[in-house]
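Next come two complexes, and both contain subunit A; in the first it sits with subunit B, in the second with subunit C.
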Partner chain A sequence: MNGLVVDSVHFAYGGARALEGVSFQVAPGEVVALLGSNGAGKTTTAKVTAGALAPAVGSVTFEGQAVSGLPAHRVMRRGIVLVPEGRQVFAQMTIQENLLMGAYKERRRARVKELLERSYETFPRLRERRSQIAGSLSGGEQQMLAIARGLMSEPRLLIMDEPSLGIMPKLVQEIFGLIRRIAGTGVSVLLIEQNARASLEVASRAYVLEKGRIILEGEGRALLEDEFVQNAYLGAEN
Partner chain B sequence: MRGFHKPVPATVWALAALLLAGAVVLPFVASPFHLRLAQQILLFGGLAVAWNLLGGFTTYWSFGHAAFFGLGAFAAGLLGQQLGAEFSVAARLIIGLAFAVAISLVAAVAVALPVLRLRGIYFAIAMLAFAQILGEVSKTFDLFQGAMGFPLPLLKFPGLEKVQLFYFLFLLFCLVSVAVFVLVKRSRLGVGLTCIGQDEDTAAMLGVPTERYKLVAFVLSAMLTAAGGVLYVYGLGFMTSETVFRIDISLNLILFSMVGGIGTVAGPLIGATIMILLTQVVLGDLLDLHMMLTGAVLIAMVILAPKGLLGLFRRAWSRRRLAETVEATP
Partner chain C sequence: MDGTLFFQTLVDGLILGGIFSLSAVGFSLIFGVLGIVNLAHGIFVLLGAYLGLALKQTMGIDPLAAIPIVCAALFVLGALLQLTLVAGAVRRSSLMSSLLITFGASLILRDAVILVFGPDVQFLSSAWLVDTFHIGDVIVDGARATGLIASLLLLGLLSLALYHLKVGRAMRATAQQDFAAGLCGIDARRIYAVTFGISAAFAGASGIIIGLINPFSPFDDTYWTLNAFVTVVLGGVGSPVGALLGGLLLGEISTFSSQYVGSLYSNVFIFSALLLMLIVRPNGLLGNAYKGSV
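Entry: the complex of A and B
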């Protein structure tokens, strides 16, 4: 398989087991959602996939090459970019500097300029405020900046960890619309979310993670109808 | 790195040229007492700039840079003894400098591999311990002669008094430190280090080779500090463990940076100037009060101006500009 293959990954923080044999796949251009409650191991999965953590057992393969065990900065050069939870923008840098950091690996100046221009076209609000300090943006805007910065490095797989967390509802819609657009450009997306309904609507497939194991997988639409998922993650709605 | 740094404005170049011209003329007009003060400012200001190579960009604050200062001094001093009088003093100094820089490179890599994995306060403590250990080792083993100490040969240069000669050597050292710092700051390395300072994990996600960059900054800083140690003891003419493995040297480098402004090139130099003049001139007769005053200044700076005097100026400046634009708008 050409995309991302995560194969029976185990990981523990000291003695606390976080992942116990997680396996999933993301095909090129596909949006895959990873659902689960707090402490299920979603963020750990994201970090292992992006190389921030090395799996104790198991492997992560991207485009046919093993990436598990490589340091994070090498994994991102292979095309996997993580937009971390809690929109970790560089608060004391300007918006433009944050975006330029996204293109840090790119040494061709002309290309960096193109990427920056493309970024401002996608996110016009960032252009208006490019010389402002990133810390002065609202939460939603910082999330946009974090995503834009991730896109600056031209990922082939974008991992988004809780992009809608703590964001006002109007912007949440905008973020999910954006995820659709990103996938439309051929970038694979691994979407880690608590907002199960919105995720399942954009995702073609989804996995449900609980206590470090994948307990359910299926097509996005199908899971929306699934009784277990409805009870556990969608809440009781009429 | 493009996009992060504007070209240096002409006013800054002019100011730097003016300062340099003043610094070159100074030893021919100033009294030996003032020249000694200027020597200290140049040497410790240059060392504070070198400390900033790691501590200024990132939160890795070394509390033990005296380790490299002393290591350099001992390496050059002991090698000079071995070379003996067959070599001229200048040759011994130059060979000693090269040897000290090489030794500190090896030591810095060896200590960095475990220690740079520690973050924040743990790194600071580990460096403090490293400096203490080196100091004790140099005292304990007779091989190093650190307890009794040993003399260093007197360097001479035709036409210059000793105080003038070492003034120029310290000036040269300070210029090298400043040049290295400015080059690093304006390079990809500097931008990467700045990101590491703000959020190390995110920096790695964006493709910054964090481990390598921290190592390079640490090693450069250590090598410059070792060179400073060599020049310092040659200037003194005598050295023991107590003269170089001094915790107050480690702390002063941090203090000078904090007073002037951490992470800038002018900050540590301004900090060194103010603190050295304050302790040596204003309180010249009250030696006991130095440490107390130093502590008081440090506390005041942390509370009132965490970004140092340069930070204060910048804030005042941007407020004034804001006020002007507000007034200008009808």
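Entry: the complex of A and C
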């Protein structure tokens, strides 16, 4: 398979086991959601995939090449870019500087300019405020900036860790719309979310993670109808 | 109050402050970017002065012209110290262990200086320095004026680099969010080594300027480390502007208290100012340039 293959990955923080044999795939151009409750191992999975953590056992392969064991700054050069939980923008730098950091690996100045221009077209609000420091933005705007920064790295797989967490509902819709558009440009997306309903609506496939294991997988629409998923993650209102 | 004496003290404080700023800016940078208190900073300053001396004695290079060579040599030394000893200690133990490692390095380097140059007091002088000149009634000697101008130029250069060069942006990004910086493709180990190198290079440049103005001996290193510490606490962590403000404040406090109270008491005033700053504004005048601690 050409996209991302995560194969029976184990990981422990000291003695605390976080992942116990997680396997999943993301095909090129596909949007895959990874659902699960707090502490299920979603963020750990994201970090292992992006190279921020090295798996104890198991492997991560992207476009046919092993990336597990490489540090994050080299994994991103292979095309896997993580938009981390909690946004982690560079708060004391301007918005434009934040975006430029996304294009850090790009040596061609003209290309950096093109990417910047593309960013500002996608996110006009960031253009208006490009010389403001990122710390002055609202939570939702910072999330947009974090995503824009990730896109500046020209990912072929974008991993988004809880992009809608702590963001006002109006902007949440905007973020999910954005995910659709990103996928439309051919970029694969691994979406890690506690907002299960919205995720399943944009994802073609989804996995459910529980206590460090994948306990369920299926097509997004099908999981929306799944009784277990409805009870555990969608609330019982329907 | 005698007006001329007041202005003379003000100008002397400014000049001393400029030197304090330059000697402290590297200390501030390492503290801001790596979170490490580099106790070897003072010996970096002295190594600059001694390297300048060696270049003058063996090859006849004028100390001011030797600044780029000294900077390059100290950049390599600083980067190597980080890549080998400091990074290893921090990885195996904790950030705290860097205190012990840098203190140990400063002792070894100081003894190396004594071994090569002897324990005696030394001087540097440059043929390019002009004689004393007057601005009104205030007397400025060429060495001090050159020192202040060179300090301001170098601080300005560093500021430009931090804000306009790619590597400067990467340093600031790593200081603010090292995890996200890694996700952007920045190799933090490389940035840490570069930061240590730049810090040592600026300390070395300040060492030459200090050597042109004052006699120096191998035992001055703790003095320069301590001054750097005070400067950073007064001005704020991590930015050249913070170092400049802190250094100027320290210089003025030092000269005014020496002039009007007595030179024995200047430390009393300096550390009172330090305490006061820690109580009212613990992050210094400008706060932390990276972590938004104001």
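The rule is short, and it goes like this: the second predicted complex is superposed on the first by the 238 of 238 C-alpha atoms of A that agree within 3 Å, B and C clash if a C-alpha of one lies under 4 Å from a C-alpha of the other, contacts with A are read in each partner's own complex, and residues count from 1 in each chain.
By our rule, contacts are C-beta pairs under 8 Å (C-beta built on N, C-alpha and C of every residue); 3 or more make two chains touch, one makes a residue touch a chain.
Quick caveat, the model's predicted, so the values are computed rather than measured.
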| message | What does the overlay on subunit A give for subunit B and subunit C, a clash or a fit? | response | clash
| said: Is A:Pro84 touching anything from subunit B or subunit C once the two structures are fitted on A? First, second, both or neither. | reply: both
| Contacts of A:Gly69 with subunit B and subunit C, given as first, second, both or neither | neither
| query | First (subunit B), second (subunit C), both or neither: which does A:Gly177 touch? | reply | neither
| task | Kindly classify A:Gly39 by the partners it touches after superposition: subunit B alone (first), subunit C alone (second), both, or neither? | result | neither
| query | Of the two partner chains, subunit B (first) and subunit C (second), which one does A:Gly21 touch, if any: first, second, both, or neither? | reply | neither
| said: Quick one: is A:Gly135 in contact with subunit B, with subunit C, with both, or with neither? Answer first, second, both or neither. | reply: second
| Of the two partner chains, subunit B (first) and subunit C (second), which one does A:Gly166 touch, if any: first, second, both, or neither? | neither
| task | Please work out whether A:Arg109 is in contact with subunit B alone, subunit C alone, both, or neither, and reply first, second, both or neither. | result | first
| Doubly contacted residues of subunit A, that is, touched by subunit B and again by subunit C | 50, 52, 71-73, 76-77, 81-82, 84, 88, 90-93, 97, 100-102, 104-105, 149, 153
| message | Going by the contact rule set out above, which residues of subunit B touch subunit A in the complex? | response | 2-4, 188, 191-192, 194-195, 198-199, 201-211
| Residue numbers on subunit A that touch subunit C, as the complex places them | 50, 52, 71-73, 76-77, 81-82, 84, 88-93, 97, 100-102, 104-105, 135, 149-150, 153
| field | Footprint of subunit A on subunit C - complex, ascending | value | 166, 169-170, 172-173, 176-177, 179-188, 289-292
| field | Residues of subunit A defined as touching subunit B within the complex | value | 50, 52, 71-73, 76-77, 81-82, 84, 88, 90-93, 96-97, 100-102, 104-105, 109, 112, 149, 153
